[in-house]
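Scrolling down, you'll hit the structures one after another.
Shared between the two complexes below is chain A, which pairs with chain B and chain C, respectively.
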Partner chain A sequence: MMKFLYWKKTGLFLLTVVTLLALAACSSDDASGSSDTGEEPDKITAWAWDPNFNIAALELAKDAYEEDLDLEIIENAQDDIVQKLNTGLSSGSMKGMPNIVLIEDQRAQSFLQSYPDAFYPIGDYFNTDDFAPYKLAPTSLDGKQYGLPFDTGVTGLFFRTDYLEEAGYTKEDLTDITWEKYIEIGKDVKAKTGKDMISLDPNDLGILRVMIQSAGSWYVEDDGKTVNLVDNEPLKKAFENYKAMIEADFVKANSDWSQFIAAFNSGDVATVPSGNWIAPSIEAEESQAGKWEVAPIPRLDLNGAVNASNQGGSSFYVLNIPGKEKAAEFLGATFGSNEAFYQDLVLDVGALGTYAPAADGEAYQAENEYFSGQSVISDFSEWTEEIPSVNYGLHTYAIEDILAAEMQNYLKGKDLEDVLADAQAQAESQLK
Partner chain B sequence: MRKAKRIATYTFLSVASIVSIFPFLWMLVSMTNKSVDVTKGRLLPGTHLLENLKALFDTVDMGTALVNSTIIAVITTFLTLLIGSLAGYGFEIYRTPGKDRVFNLLLLSMMIPFAAIMIPLYRLFGGLPFFGIDTLAAAILPTIITAFFIFFFRQNTKMFAKELVEAGRIDGLSELGIFFRIYLPTMKTSYAAAAIIAFMNSWNNYLWPLVILQSPEKQTIPLLISNLGAGYSPDYGLIMSAIVIATLPTAIVFFVMQKHFVAGMMGSVKG
Partner chain C sequence: MSKVMKRTGLPYTASKKSLGRRLKNNYIGWLFILIAAAGISLFYFYPMIRALLLSFQSGMGANLEYVGLENYIRLFSDPTFIAALTNTFIYLLVQVPIMIVLALFFSVLLNDATLKFKGFFRTAIFLPCVTSLVAYAVIFKYLFGVDGLINKFLMDLSIISEPLNWLSDPFLAKITIIAAITWRWTGYNMIFYLSALQNVDRSMYEAAKIDGASSFQQFFYITVPMLKPIILFTSIISTIGTLQLFDEVMNITNGGPGNATLSISMYIYNLSFEYSPDFGYAATVSYVIVILVVLLSLLQFKVAGDDK
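== the complex of A and B ==
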């Protein structure tokens, strides 16, 4: 009896102690944690994705910064950052949030508008006129500049010189063309070489966004809210082009990123119209060195459309928590104004910023052997300045889901007017 | 006739096993190939294994992530089993008014998706002093009490001979003594089955660790793998190496406890 009592007491006690110890070992070293106290923290944290690109750029900026700053750069996948920010900001507790965060331009407005006081305006820390105008619209709200524009998503038409030559085309024939002309060439290439012209993911209408931005249009009007699908002339053209491509039978379908990359790495497609950030993925296939070049992206056959557009691209934001001034000063002194830093950025990281004064630098003129000796950076940088500015608004991806479904109906033969009218109605009811 | 049936059975089983083994095979083969070859769909083993592993350990802190995941998974499994079995045992053995109503409420809580309670939980942990945001404890605590395991142990307790409880009481064993000295040893298989499920859940848990853990030195394996795949030009050979390493512990736990696992699952069905 005594023995059992003894066991009962010591056993349970031991168990409790072990459990508490285990949990305590997992708790924080200091009870203070990060924010809320209002005190200036010693450490500034930054969240970004892609170790070879954004993270590398931040590391470079840290080295280039002359002040003494304890900057901790934390790597997270982009979707993970979106998830973490949304959870943290909607909980209303700013605890655990970073000082600096990278946000994709097309998502930025939804963060700025959904969490009005969460971000710190940084317009006073750099000269906004130094940056490409198309980067400023999505990164500001109500006349206040919140984002420091980082990489451009300027698009180009990457193409296989050997395939095009075999079909009888030169770079000249691909320069400053319309999508209609592109489709014509595509049919020819398919007939003469047997290679597909392009690889597309039916669920990702990125190419549609590239097309409409080249004409200065978007899924929403300039206020960023009013859904603009039904009488959107550029969008109609884009739909027609998309269908023409599918019907021309030169589209190699892919269902995810790895298949997309495989399509050009394995030499199955002749062109890749995409943001400039695709270049390293193309260059990964060493056996194709010297077989690629980049032409300007085709434009829509409309007045005012230009041979320049945007896909992706992101900017840095400062959260409105203690340490914000330090963080903003750091961004302003590096990404905001340091020309020499931008040369290193191009050379070491291959990241192309949108800071106009940097474009005359030496690094931008360098010839790229992989792309047949073309001065790729200089070309991209030139096209960057022509990109029409649009307000991406809050709902780009929500509207695109609707459009992706309606696109399938359109491809099956539904009338284009009906397709866009239905999409408009759906979007309006869903986004109220 | 009988032979034909056998052939049909084995053909079907062979096809089914190839289908289920193929992803693992592909994962292992891809681990030895260059990223470019992986995206091209190469199915033959390559020579890039050492380079992939080297690149993996050079670019990311795999060791820290493995240690974190292990700490979280082991503590979570231990606490989940302890709390789940105590509660399940209590629900089945003791007669309390309203017991079944409480139990039904508990089962209802299984219907609530985690995403729905994530924001309040984040706020809650934001206000805690020692177990707050960015601690492993915060990653563990919300996952240790689950209706599923209470249900699982209650079902399993139905097989447990109640006479043993009576016998224990007559011999003067305390109620906790009965639990730890009679119930626990006789229910080993149930514990083994539950341990495998709890360990795997915790090892693969993604959403909650993602939002609550911030600093790189607290990162778990699924978060690390998610980061690897996030670049504009992901290195698939390297990612596959990381996934193989991440899969090993769960595979080992499963194979070690496989016998008990099957027995334990049978038990919960029979009950």
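== the complex of A and C ==
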């Protein structure tokens, strides 16, 4: 009996030792990085967010793909994808990583440069010249194309025709205007209709990015690294415009996405300057059908600024793990070259890609009843071609948090030159 | 022992045998704690050491390299970190005392022997504690929104003439966060005081009453000294909790406006996942929390604890 117990305990002890060894073995190879070995998997997985848009587009691509492919599409919130990729890739283990993943353009460089070799170059699987140039810069690194450009994120000025009419403005008055003019109209609309002009989240400076890209500028210079805030003329203008808007008292504050949607669905605001992906959310309020139209986005009052910009927009990437060829072939044959697929994408999902040959298709010319019969898609794809190409670089969100803090100081009355100089100094010390 | 000696008749071998048995007993005893010790080493100490090593490295994502003390030096010139630290201390210095006093107040009220529906009130005050952090934070965000219930309520009472921007004003946003944490954690601390109060001898209060002590005197000269160890315990726990504040800030204000409500933990999150990932520097910032927890706990022991 005693002996039996003794053995049992030794067994337990051995078990513990074995477990420890096994665990130690698991954690010891943190430097080995991605593995090219391993068997070709039967199933290809893809991660994306937004079921009405990106997921729907992937489903459509799966149906359009002629080869036999077992594609599993997994929906995650964008924040979760960013988090999972960061933890997964930095652990060095590619276990549990998807084959295909959607990444926002403004974050892409951060991933490509943080995790070299984690992504598979897919430039050979499609013709990069078919895509809008402003999409290629953020999706490539060192001359290699890593991302397959997806939705445009082209911006437009969505506006309520009835409110604007009440204040005495037509679509022509909103077409090809500057932000200064926009603010002027906004004050008038507020005075005459009592409606706010725009809804903004004080924590989100997305509108600044829209403004500066229309003048071909960004928070960093063309190398993607040198911080460019202090002598950045477009950024200065954008700050001034932002303050003017807040002070004009026509901004309805929101603090998250659902409040933002509610601001225009409830009819409280007259305009929504935003990426084209907002259209399905506007159309969701059926009682306002026929009361909306889209004008080109206002531009900065500077030479070289255009009435076209970009907000959001993302692209597909293939991870450097077994199954990468299959995944790349799938993307190349659908999002990379299939014109008919892009027509379906516009009709069924309302997603506007950046694949230029598709723009001549019939679906792109269709009139949209909701937007008072305007050929919305055709207008958007026309503006897409004008979007100035900028290098978003690595630090968009880090710099934006610094700017957000300084914006508060600026609104409180701090001098603009000082605001930008301080932001520049902070950014330079932080982003080495 | 003597029995054993008698039976064998050889004291020397007997003691040798018992030594052997003692060793064996020890060995078996060690075996029992081995699993727990190995588990703690593996899941606590090993990650702590790795994190410490990580805090001496810097670089984007997987491109980490050793930079010595550079991360620690960087802390002092990082305005965002200093803002996060300042905010955290504001939360700490304002919120923890308010909460401790409130919890003490409620627990004394609810300990009153003549109080009716005791169970109901106790449950009601403790209940916030069982809610999910994220869920309650989201609800607070809507309560304090521009169109939220709080603004409507204050306007209906004519206390304010137009809605306050609770979430986008740097000062009011801090108030909102403090109000949220206080609501969530007061009941939790109250339970500690309530249970400690059950151990305070009622005869002391009776004696004090006979001697003519007022309720205030009873509270300050009996209740508070008797609860001293628990007050120390709850203030340490609350301090640690506040230093790790994350969910509320993340969900209610997202650190904004600017970084007016940013907490240290949220800055760690931003460094790892929101910006270009720098896990090395993020680990350095998290070690600051460790150092602060140790220092503040020592301080509280010194100030409030007995020197035994």
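Just so it is clear, the second predicted complex is superposed on the first by the 395 of 432 C-alpha atoms of A that agree within 3 Å, B and C clash if a C-alpha of one lies under 4 Å from a C-alpha of the other, contacts with A are read in each partner's own complex, and residues count from 1 in each chain.
What we mean here is this: contacts are C-beta pairs under 8 Å (C-beta built on N, C-alpha and C of every residue); 3 or more make two chains touch, one makes a residue touch a chain.
The model shown is predicted, which means the values in this text are computed figures rather than measured ones.
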item	value
Dominant toucher of chain A (residue count), chain B or chain C	B
Contacts of A:Q426 with chain B and chain C, given as first, second, both or neither	second
First (chain B), second (chain C), both or neither touched by A:N228	neither
Touched partner set for A:Q145, first chain B, second chain C, both or neither	neither
Partner chain(s) touched by A:S114 [first = chain B, second = chain C, both, neither]	second
First, second, both or neither for A:Q83, with chain B first and chain C second	both
First (chain B), second (chain C), both or neither touched by A:G96	first
Which of chain B and chain C A:P280 touches, first, second, both or neither	first
First, second, both or neither for A:Q259, with chain B first and chain C second	both
Set intersection of chain A contacts, chain C complex versus chain B complex	12, 23, 33, 79, 83, 90, 92, 259
Chain A partner contacts - residues on chain B that touch it in the complex	35-36, 38-41, 59, 71-72, 75, 78-79, 82, 118-120, 122-123, 126-127, 129-137, 139-141, 172-174, 176-177, 180-181, 207, 210-212, 214-216, 223, 226-227, 229-234, 236
Residues of chain A touching chain B in the complex	1, 4-5, 7-8, 11-12, 15, 19, 22-28, 31, 33, 45, 49-53, 72, 74-80, 83-84, 87-88, 90-93, 95-96, 98, 257-259, 261-262, 265-266, 277-278, 280-281, 284-285
Interface residues, chain A side, partner chain C - complex	9, 12-13, 16, 20, 23, 33, 79, 82-83, 86, 89-90, 92, 110-111, 113-116, 118, 202-203, 252-253, 255-256, 259, 394-395, 397-398, 401-402, 404-409, 426, 429-431
Complex contact set, residues of chain C against chain A	28, 31, 34-35, 38, 42, 60-63, 74, 77-80, 83, 141, 145-146, 165, 167-168, 170, 253-260, 270, 272-277, 279
